[in-house]
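First chain A sits with chain B, and in the next complex the same chain sits with chain C.
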Partner chain A sequence: MSAAEPIISSRQTHKEINGITTQVVCTEFSNYIFIVITQYGKIGTLVSVTPESRCDDFSNPMFSTKVLLGKDEPLTHVCGKNLGTFVSQEAGNRPILLGLALKDSSVDAIKQMKELIKSCKVW
Partner chain B sequence: MSEAQNGELRDPISVHNFSERFMEQTVHFHVMKLSGAFFIWVGSSPLLSNLAVSMSSKYDSMPLSTLVMGDPSDTAPNSLAQRLAKKTKKQVFVSYSLPMTDSSLSLLVENRIKKELELHPGKF
Partner chain C sequence: MSAAEPIISSRQTHKEINGITTQVVCTEFSNYIFIVITQYGKIGTLVSVTPESRCDDFSNPMFSTKVLLGKDEPLTHVCGKNLGTFVSQEAGNRPILLGLALKDSSVDAIKQMKELIKSCKVW
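After this line comes the complex of A and B, so read on.
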């Protein structure tokens, strides 16, 4: 193994959310932030959260979500937008690639997951 | 459930980095081990250019593979994912973010991953 420093940085954590072990891994790429949020230990559904050129009333860009792999259902888009938008905004509107494998997608659980993501800030 | 008494995870996701110089260029590898699957990124600059997913199927001796992100004319991520899925029997996510012109480089990269698989099977 050569000794070159890794050029990809990542941080991870885990916590019990409503009794379910939840792991988060955030990985920084120059064109993407890759976030895995899993309650199954798997990547699960892949969702991209991308800022659009269209802006809202406060000149913040709007975000679009796309399911790249897995079940394309409305709740996936809701979770993806909730978990990915704030990261993209903080990371200079970089697109987010999310791996979601959730047993619990309640509002309360999603809120706690956002805190977990914040504790793994790589951007 | 998957949490032991002391709060340590029994089957945690783990991350592993290594790198190698091929033909005057340093190629970096980033592996994320998951449950029954792993993600591997290969590149010389920190770009996520594409993503292929591959897994074995009982209907075919060759694992199924699909490109979920990136340029479909670049076959390198798909073929690497397929070969790693075949070798490891796991679901494999591959991002191959190196220039697509160089097929000899992709062979070196694949052999380097296989070497790492033998040296550190627990990291994949």
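After this line comes the complex of A and C, so read on.
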């Protein structure tokens, strides 16, 4: 980021996942990476995915999820952790802000969504 | 939005406001307009600005603000209401999600930020 052109890096793409149009927007802020994955066009449920101070057996930090906006359901935390953790780890454990509006939360769909997020890498 | 190209409309710009580089990113989702105004590069404090069912004397809805992430300070609500309400009104009273990371919250700065937001109109 130069002083003359302070551009906030943002990329988006879309793909059919199991027949459902899925849009992804990734935007990099200095403290958060903001990712929206939507199958409704909505911003959806907002979830923060944050590394904790405690680590797992491999010295990787554990991650906690918190619903900031929308329905606080167990599945949201599972999907949020699944979709946010790998980005955070790739980005030096930066916190992730996720917008999730999913029709299909199957394991297979989530796997394809991860690939879609990777194709919009801004971190 | 055509079926073949489901693009999420997003625009960004930047400007010096009272000597401080100010970045704005506006993204349109079907249920929220997401606007980040940052003088730190951070996503900042997340505030929702939502029209209420009760109206003012001119039959315009009143707006409520809620801090979703970050410090919940009175000034944040004032700035959030000031920067979010006019967008919501222009966009048919759609709710606004604001990210605010401001060094300068003066009345004059907020006025210039409104113009900057208008130059990134996605609604």
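Quick notes on this one:
Convention: the second predicted complex is superposed on the first by the 118 of 123 C-alpha atoms of A that agree within 3 Å, B and C clash if a C-alpha of one lies under 4 Å from a C-alpha of the other, contacts with A are read in each partner's own complex, and residues count from 1 in each chain.
In this section, a contact is a pair of C-beta atoms (placed from the backbone, for glycine too) under 8 Å apart; a residue touches a chain by one contact, two chains touch by 3 or more.
What you see is a predicted model, and the numbers here were worked out from it, not measured in a lab.
Contacts of A:43 after superposition: both chain B and chain C are touched. In the superposition on chain A, contact of A:25 is made with both chain B and chain C. By the document's definition of touching, neither partner reaches A:111: not chain B, not chain C.
With both structures placed on the common chain, the touch criterion links A:16 to chain B but leaves chain C unconnected. Contacts of A:121 after superposition: neither chain B nor chain C is touched. Counting contacts by the rule stated earlier, residues 1, 6-8, 10, 12, 14, 21, 23, 25, 27, 29-32, 34, 36, 38, 40-43, 46, 48, 68-69, 97 of chain A appear in both its interface with chain B and its interface with chain C.
Chain C contributes residues 1, 3, 6-8, 10, 12, 14, 21, 23, 25, 27, 29-32, 34, 36, 38, 40-43, 46, 48, 68-69, 97, 99 to its touches with chain A in the complex. Those residues of chain B that touch chain A in the complex are listed here as 1-3, 9, 11-13, 15, 17-21, 26, 28, 30, 32, 34-37, 39, 41, 43, 45-49, 51, 53, 66, 68-69, 91, 93.
Put simply, chain A touches chain B in their complex at residues 1-2, 4, 6-8, 10, 12, 14, 16, 20-21, 23, 25, 27-32, 34, 36, 38, 40-43, 46, 48, 68-69, 97.
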